[in-house]
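For reference, the structure is listed below as structure tokens.
Chain lettering (A, B, C and D) follows the sequence in which the chains are written, and residue indices restart at 1 in each chain.
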Amino acid sequence: MNQKRSEENIHKTFKKEIFEFFENEPYAKFLGIKLLELGEGTATAEIEVEAHMLNSHGTAHGAVIFALADFVFAAACNSYGKTSVGLSTTVNFMAAGRASAKLKAVASEEKKNNRTAWYNIRVESEGELIAVMEALAYRKSGYFVPVEEMEKPIPESL
Amino acid sequence: MNQKRSEENIHKTFKKEIFEFFENEPYAKFLGIKLLELGEGTATAEIEVEAHMLNSHGTAHGAVIFALADFVFAAACNSYGKTSVGLSTTVNFMAAGRASAKLKAVASEEKKNNRTAWYNIRVESEGELIAVMEALAYRKSGYFVPVEEMEKPIPESL
Amino acid sequence: MNQKRSEENIHKTFKKEIFEFFENEPYAKFLGIKLLELGEGTATAEIEVEAHMLNSHGTAHGAVIFALADFVFAAACNSYGKTSVGLSTTVNFMAAGRASAKLKAVASEEKKNNRTAWYNIRVESEGELIAVMEALAYRKSGYFVPVEEMEKPIPESL
Amino acid sequence: MNQKRSEENIHKTFKKEIFEFFENEPYAKFLGIKLLELGEGTATAEIEVEAHMLNSHGTAHGAVIFALADFVFAAACNSYGKTSVGLSTTVNFMAAGRASAKLKAVASEEKKNNRTAWYNIRVESEGELIAVMEALAYRKSGYFVPVEEMEKPIPESL
């Protein structure tokens, strides 16, 4: 069994814990965001635009679109068990999200360095692209999953 | 009495209506955002970070910080009664917002053209700058306040 | 022959003129940027990082990377012959571009509305992704190619 | 004499070297950018829009405006002698820069942490605000000025 503490193996070993970590995120639960998929540097989630999520013009509040995009960004950049936080996010709003519509967001990883990683997030509603987020994460040195439980790699010389 | 339909006069005439328009915004009410001040191209609001507004790492969710920043941005760019929507927003996160802390955001106008306007938003918590948003609004041709009620300017020749 | 003045047909009819329009852009020529490909909402270009394009730390100046990214953005959003200008651009720098390296940028269209359009631009050097730009264009009402030369569509009833 | 190696003192001690470091930046020299002022986390510079700096529409190329903004950003975040690089920059273009016009950019520091720092840059032309940049810098651990020449602080107990 490969126990090497690579990012890939940490993700595989703790995928269930990381998934639950984000499923139980207080603000996402409060809004009713559902995490659908979690992979290495990727995440997909959706939300239904309810009446209390509208702006005064009667469409989905930009901050709800952001919340969904930010959620998959956070799940994707934390998918390796390494505590990561958002440094900078740019959102371009392309179309309004309608009341009662379902919004879906997908985050994909553009690049991952030691301390920094970049993600592109697309938000769609009823097949139409309504927003794109470009996001930069800072990767801290600690882990929020018990990586110390993983055996250290067996030295090759044995 | 100056009844000229300038942006300045529309703001003055309908300031109360515009203030209430944003006070009653569904999502802002749902989150408990309080609009404190509204001026020409400016707005100030605050929110208290409650338990359901946290992320999994235990600090204020970035999407809550965004919601507050976006709210003052929307109030500021709609302060002339002209329907305006967010086109692009960039948020840089500088420090974590703590649980139970009060966050305050101030939007100020950088420039206003016919169709586009730009705003700088600063979010502070307990005296510390925790996020800055740079935002671009698209100004539609319609108004969400009854500008037709305003008398047309009396011709100077009379 | 389909002479309908669609964006697609304007692009096809004036592709050569639009290509030359950007090949001859003063600043791009000055820097030595080469336009390699132009399509509907897409463009590819490259530049060689010369000694005068470095920053004080000895790597490709961020403004040179930006110039290349901005060039393919401009070519892509102007590829329909409609005069378009950049409203907002966000660039994330992921790795340094080395002296003497060749940089290549590709712009692709995310969405196009009547007045606004969005593009994602990737800049690579020696196979490594070194920067990503997310860009928003404003589409003016005029054209910089002689669309009036195109015949109006023949009415279907004839 | 206060020889404490604070960021403030490093700036004061090596201000002349840092100023020259940026005055001699290859790309800035190539473009004719002039550094006017350098302070702690601040910088001012200007450029004259020459014929080779135009875009195909006949106005100042966005990449020239960016180059000036990026230059004062770099000077400001490197003003403490600590090697700093740009991670993310967002530029909103508000008005065209005219041919032969002089552009002036001012960078001011919004916040500075150990590893990250944020700057707001305003670019004006003939008194009009034409662009705003919001920029994030990553601060490396090394210095590009000889801080080891500075005496260590005399222990208080002496």
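Definition applied: a residue touches a chain if its C-beta (ideal position, glycine included) is under 8 Å from a C-beta of that chain, and two chains touch if they have at least 3 such contacts.
Only a predicted model underlies this, so the values are computations on that prediction, with no experimental measurement involved.
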Shared chain contacts [chain A and chain B, defined touch]: C, D
Comparison of B-D and B-C by number of C-beta pairs in contact, larger one: B-D
Per Cα centroids, the chain farthest from chain D: A
Distance from chain C to chain B - Cα centre to Cα centre, in angstrom: 34
Chain B, residues touching no fewer than two other chains: 87-88, 90, 92, 116, 136
Chain D partner contacts - residues on chain A that touch it in the complex: 87-88, 90, 116, 136, 138
Residues of chain B that touch chain A when the two form their complex: 21-22, 24-27, 29-30, 51-57, 61-64, 66-67, 70-71, 74, 78, 83, 85-93, 96, 144
Residue ranges of chain B touching chain D (in the complex, touch as defined): 88, 90, 92, 94-95, 110-111, 113, 116, 118, 120, 129, 132, 134, 136
